[in-house]
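Once you've had a glance at the structure underneath, I'll fire off some questions.
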Amino acid sequence: MISITPKSPIPSISLRNLSKVFALALIAGTTFTAVKQSTAAESSASKGTIALSLKTITNDDFQKALADAVKAKVESMGYTFLLVTAGEQTAVSAQVNQVEDLIAKKVTGMVLNPMDGNAVVPVLGKARDAGIPVVTVDSPVAKGHEDLYITFVGTDNFNAGMQAGKQMVQSLANKGKVLVVRGANGSVAGDNRVDGFKKGLEGSGVTIVGEQPGNWTNSVAMQVTENMLQANKDVQGLFTASDVMLDGILEALSDANRKGIVIISVDGSHKAVDLLAGGDIYGTMAQFPQKIGSIAVEKLVSVIENKSAANSIPKVIDSGTMLYSKDNLDEAKKQMF
Amino acid sequence: MRRIIQTTLKNGSVVILVLLVLAGIVFVRNFASIDNAAVIVRQSAIPAIAVLGMTMVLMTGGIDLSLGFVVGLASTATGFMAKVWDLPVDLTVAATVLIGALVGLVNGAIIQYMKVPSFITTLGTGYILYGISQLVSAGNVITRLPPSLLAVGRTNLLGLPTSVYIAVGIVALGWFLIHRSVFGRALSAFGFNSRAAFLSGLPTARVNVLTYVLCSSLAALAGLLLTIRVNAAQPNMGGGVFTFEIITAAIVGGTSLFGGVGSVIGSLFGVLIIKVIENCINLMNISYHLYLAVQGGIILTVIVMDKIRSRAA
Amino acid sequence: MGQRVGRFLFSLLGVAAFAAAALLVPHFLTPANLLNVVRQSSIIGIGAVGMTMVIVILGIDLSIAGLIALCPMVSGLLMLQGVPIVISIIAGISVGIVMGLFNGLVVAKLDVPPFITTLVVGQVSQGLALIMNNGRSIGGFPASYVRIGNGSFLGIPVSDLLLLVMMGIGIFITQFTPTGNRIYALGGNETVVRQEGINVDGLKLFVYAFSGFCASVAGILLSAQLDTVHPIQGDPYLLDTIAACVIGGVSLAGGAGSAAMAVAGALIIGSVRNVLDLLGVHPFSQNVLVGTIIILVVFGSGLSRYRRTVPV
Amino acid sequence: MDEPLLEMHEITKYIYDSSGRPIRNSDVKILDSVSFDLRRGEVHVLVGENGAGKSTLMKILGGIIPADQGTITLEGAAVGFASAREARDRGIAFIHQELNLCANLDVAHNIFLGRELTRGGVLDKKKLYAQARALLSSLGFEIDPMIMLGRLTTAHQQIVEIAKALSYESKILIMDEPTASLSKTEIDRLFSLMRTLQARGIGIVYISHRFEELRQVGDRISVLRDGRSIGTIPSQGFREDEVIQMMVGRSIDDMYPHFHRPTDDTLLAVENLRLLPGSAPLSLTVRRGEVVGISGLVGSGRTELLKTIFGARRLLSGRIVYNGKKINGWRPRRLVRAGMAYLSEDRKTEGLITAMTIRENVTLASLFRLFRSGVISQRKESEAARKRVQQLRIVARSVEQTVGTLSGGNQQRTVFAKWRAAEPQLLLLDEPTRGIDVGAKSQIYKMIDEIAAQGLGVLMVSSELPELIGMSDRIYVMRAGTLVAELTEREVMTQAGILAHILKGAPQPVY
């Protein structure tokens, strides 16, 4: 039908004006948040800004604890702290962009927790060219690029996994079947822990009968555990790549009413320690974010203030790990994050 | 009823399910056990609630890509209300569903009145919701929820948790709503030909908006029950993967991509199909990475088969 | 008319974003940073060039998220096997084209709605990317490959040049070839195009294949920039690419929009994210913002087609 | 010159069953050995009721569908077209009723769509625009080939389409109701263009219902009825009633029953309604038991008027009073509940849900009354549907048959059934007999008469003056978005009388 009227002009026009208003409001909003943020960042005349780049502090007590530690140390040493997080576990490129933006912003120094050991290499080069010293923490940069950063401070995830493996062998008296709940696909730290765990089992009578990813999420961890338990009625042990999935796993076990399964995890978060106290899990391989944070900042600042030459500092500083179990609860309660 | 059964049989989801189960029984160790069946049922209950809403949205000719993120938001909200503010259970449940309803209202309003295509709207709101729940929760996982709340979904009746019975009840209601109510008729009329429906005096605008409200409310309820089931509240529950799972279930269940046609029973089978596959993958300890590809492969096969059949007819 | 509003909002957003940036962020207007912005936008921009053509013919391509991961994964794995770089890249690109063709095939021959088809194909590609290296990321590629992403030619970053080249290809096809004319015609009135005896299915195949091609180039460039392929690295780019198109005034009502505008849209998204990064705004807040922008711009650019289907 | 340009000899097209196989033995055929010929430089008018087979015949000529039997001879050579493309390459161009151009491309790119001029694979824009401009000016129109087609008036768009057809060196032009949406002046320009084409020796097949036009441009008139050729007469001084006779096969009067009697109480009163920003306000009334007709060209705002009353279109100013209630801003939902019904001119996209069954369509507008609880009882629904199906003599296997598979007449009956089921008080009818056969028409006329006789009000829009005159108690004439006349006296309700008003301001057409 050909109409001699323009298609209902009145509403569409008003709609459009409306949308312009929206758009403007939007811009205004952005700018506002922006101003708030920037003023927050620039406040307190300080010796300079030290930035921390993390994948995320969400769903991750460890990263939160690390961030808190760095913040405390940075401010205690008279610098301004700036935290940037890439958000998604997978936003590798976002982190790289953010680091570039920090370089453009000419921060004094940088503490970097690489989301991917390779992805950060190019941008580390840029930081060096811009004369911005960097200390990496938690997860390592790919081998062969040690010249790009002062030092790496962190838990040796492979080692932590391996210790867990050895513990598993010991507590299962060298024979039995175990399940593994992995981290998210493509997480270096998670993969290293599991690889280490397997290494730890080598030469023992303990075998892995099921291995599925829990995506760092309780609901997924619960479902895969439920299903794996169906296939393996006779498992005695379970290893998970992180404390963050323990709740889901325990739910699955209790639904299937499986008692006395030896559960070993990695992290040493207060959550895990609670479960430890309640006897729900056997142990968790502790990391020490506070230690990592403060060491990292110390080394960084000493280089910034030329107290020590960058090359005088060892390239790898292992913040160590230890097993929290019901035998050392008090210690765990002191150290846990 | 006859027509429902016919359509269900026609869309073939039953056939697929039967074949899968047979395959499972024959090839997958430990698949054929009452225990495992119960596990699959438990895992299917919550998606079965969510798929209902998606079925209705697809019937309008739209899509809701934000569904999984409503689940995450609901989970976060539940955690906060039940643990942090320890509100009474009934209030927590009501408020959570209400939040879902509000999200749906926003989606529906944008789609119906601002005429923004549904996949753009819900793609956008999806990101928005995920951002919000992450920021609100500051990423804290809230666990050890109050037993009174857990009781809602976990009280054991005849070996199955209440969440299963809730799901059954809601699916029954949904079946009735879609296949036996004036709303359902209006919904499908709108999906087939919104113009004609509008000019026949049907409340098309309301139907369209209400559909999204229902979809998000059900998603929120699913999020609540999921939180109860896992006894942990966190924003990254659900998410894009969950959304895709639900869309797959609905389409495998024979819901038309062109609007108008939808089958609750079919969608239910769709969910079961997916959960059986996941179960087998885990039982056989196949690399979980296969999963997305397998799932996508199935949905494609179904679409193609369906098309070819309709060509033949 | 809708498009004019789109353009208006587009310029409005552009001006506002840059004004805000220049005002609030001293480091924003430095050459170094602006180069960053362009480089960071190049991935989105290249994706948007292909997406534009798809939207012009009333489609959408949600599969690019998967392809941005899958294609470089193929190239990367081959490279690490010692296959010559060029061949590896060609392999990766052809994977993108094949997936795109598949999209086109299902959309054209079975007329399955594009958003479902491409959503599914995207998931499959994602799945394949995960399977190929068992869910693990790969890296440590030959220097010459990494230089594609980080090196520069005549002082201009290679990424920027690549973006320009892809944009050029897009503009050439749409503005200066018969195919381009038919693509717009297809978006304007499919029945006419059919009556002209033009091979409509062929056109659709071409458009989706081209989008797949762009996605693969974007993915490979990304992996060269990062010297890494992460199996789900495509995820963050879907939203931004669509946002770039709609902000660039590509009308979801079909038949209107240009690669150049889409790339401009990408630069805006890039600048917005860059500014917010410089100010330490949390990425989640950024997504909330981008999500809102998309909805508002699409709404603002008045989809007459959708208006007509439901009475106002 | 005497050797005909085109000869279509004994063309037959069978009706097809649902599975697409032709039913050869059936005595009903879409085309039953129809013959048709066209000379160089002549305009051969093809008339016939909707569904008489005009468009089918032309589709066969245009290569859009194949004939089952018969031969086509073009310039003495037997031809058979596999596709529209092929037919066009042989010099046969089809100007469809609805425009076949892309509003989002400019004029030149539209004209050369599919045959873009290139140099080395690259568009040769200079040449493209030059040729387009030349083509248009050769037709005596200075249209900028760079302008977006969507910005042109319908008339100019039509010119562009003709220019496009000519760019194929067409020898034959098929024009299907080209004037449907043109103003008088535009029509005249089109006719003069047609004369230039004739002078070039191009043969034109002209499909139209407007007798006044046939005298202006026609050389010969051929009449089709129910798929048969009834005859061919020279258009010089033909008599309308004679042609109508040939078209409908019976004299027109006995088709329109008129038992209803208007009452005095007003059912609908429209006061100072402004339809478009530009147009003058209009007022009208409909009384119970009255059939009120609205006449006017397509695009005069007839449909907009009905839709505005029915709340499907925003009303700019004025008030609408229905049953004594002011109903400004009411939406269809509320109005249907208040007993208003709107039968759209566009059955397939606005009247029916073709994918649904007869049952579902018939109850669509009365669900709210049938099932107040919101729960559908299928038994009750089927009963209601069957009742209406019988009442309106819808021919179908069962109420469970999908409406899409019904014939045009039965589909239209289904729409009526839907609105009868809604038990309305006021019916707004937009082209109630479009695209249905004569038999169905007369039945629908009976129905409308019955409805009015039951004391309901009917407001009816129609392009077919005879039916309008036959059915209406009063007729409003519409032009440019407002009512320009109200004819109450039977004697002034004649085609000539109405047309005079429709075309007022334009030079009187030659009758």
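When the chains are written out, they are named A, B, C and D in that same order, and each has its own residue count from 1.
The criterion applied here is as follows: contacts are C-beta pairs under 8 Å (C-beta built on N, C-alpha and C of every residue); 3 or more make two chains touch, one makes a residue touch a chain.
Since this is a predicted model, take the numbers as computed values, not measurements.
Excluding chain C leaves the other chains joined by touching in one piece.
When chain centres are set by their Cα atoms, the one at the greatest distance from chain C is D. The pair of chains sharing the greatest count of C-beta contacts is A-C.
Our note on geometry: chain A versus chain D, Cα centroid distance of 69 Å, whole angstroms.
The geometric centre of chain C is 45 Å away from that of chain D, both derived from CA atoms. Between chain A and chain B, the centres computed from C-alpha atoms are 31 Å apart.
With each centre defined as the average position of its C-alpha atoms, the distance from chain A to chain C rounds to 30 Å.
Among all residues of chain B, those that touch two or more other chains are 114, 134, 195, 198, 288-289. Within chain D, the positions touching two or more other chains are listed as 312-314.
Looking at chain C, residues 130, 135, 235, 282, 284-287, 292, 299, 307, 311-312 sit in touch with two or more other chains.
Considering their complex, residues 7-8, 11-12, 15-16, 19-20, 22-24, 26-27, 29-31, 33-35, 37-38, 41, 82-88, 90-94, 96-98, 100-101, 104-106, 116-119, 121-122, 142, 185-186, 188, 191, 213 of chain A touch chain C. Interface of chain B with chain D (complex): residues 180-186, 188-189, 192-193, 195-203, 260. Those residues of chain C that touch chain B in the shared complex are 60, 62, 106, 110, 112-113, 115-117, 119-121, 123-124, 126-128, 130-131, 134-135, 235, 238-239, 242, 246, 252, 282, 284-288, 290-292, 294-295, 298-299, 303, 306-307, 309-311. By the touch rule above, chain B contacts chain A in their complex via residues 29-31, 33, 35-36, 39, 42-43, 114, 134, 137-139, 141, 143, 226, 229-232, 234-238, 278-279, 282-285, 288-289. Across the complex, chain C meets chain A through its residues 5, 8-9, 12-13, 16-17, 20, 23-25, 27, 30, 32-33, 36, 40, 43, 130, 135-140, 146, 149-150, 222, 225-228, 230-233, 235-236, 272-287, 289, 292-293, 296-297, 299-300, 302, 304, 307-308, 312.
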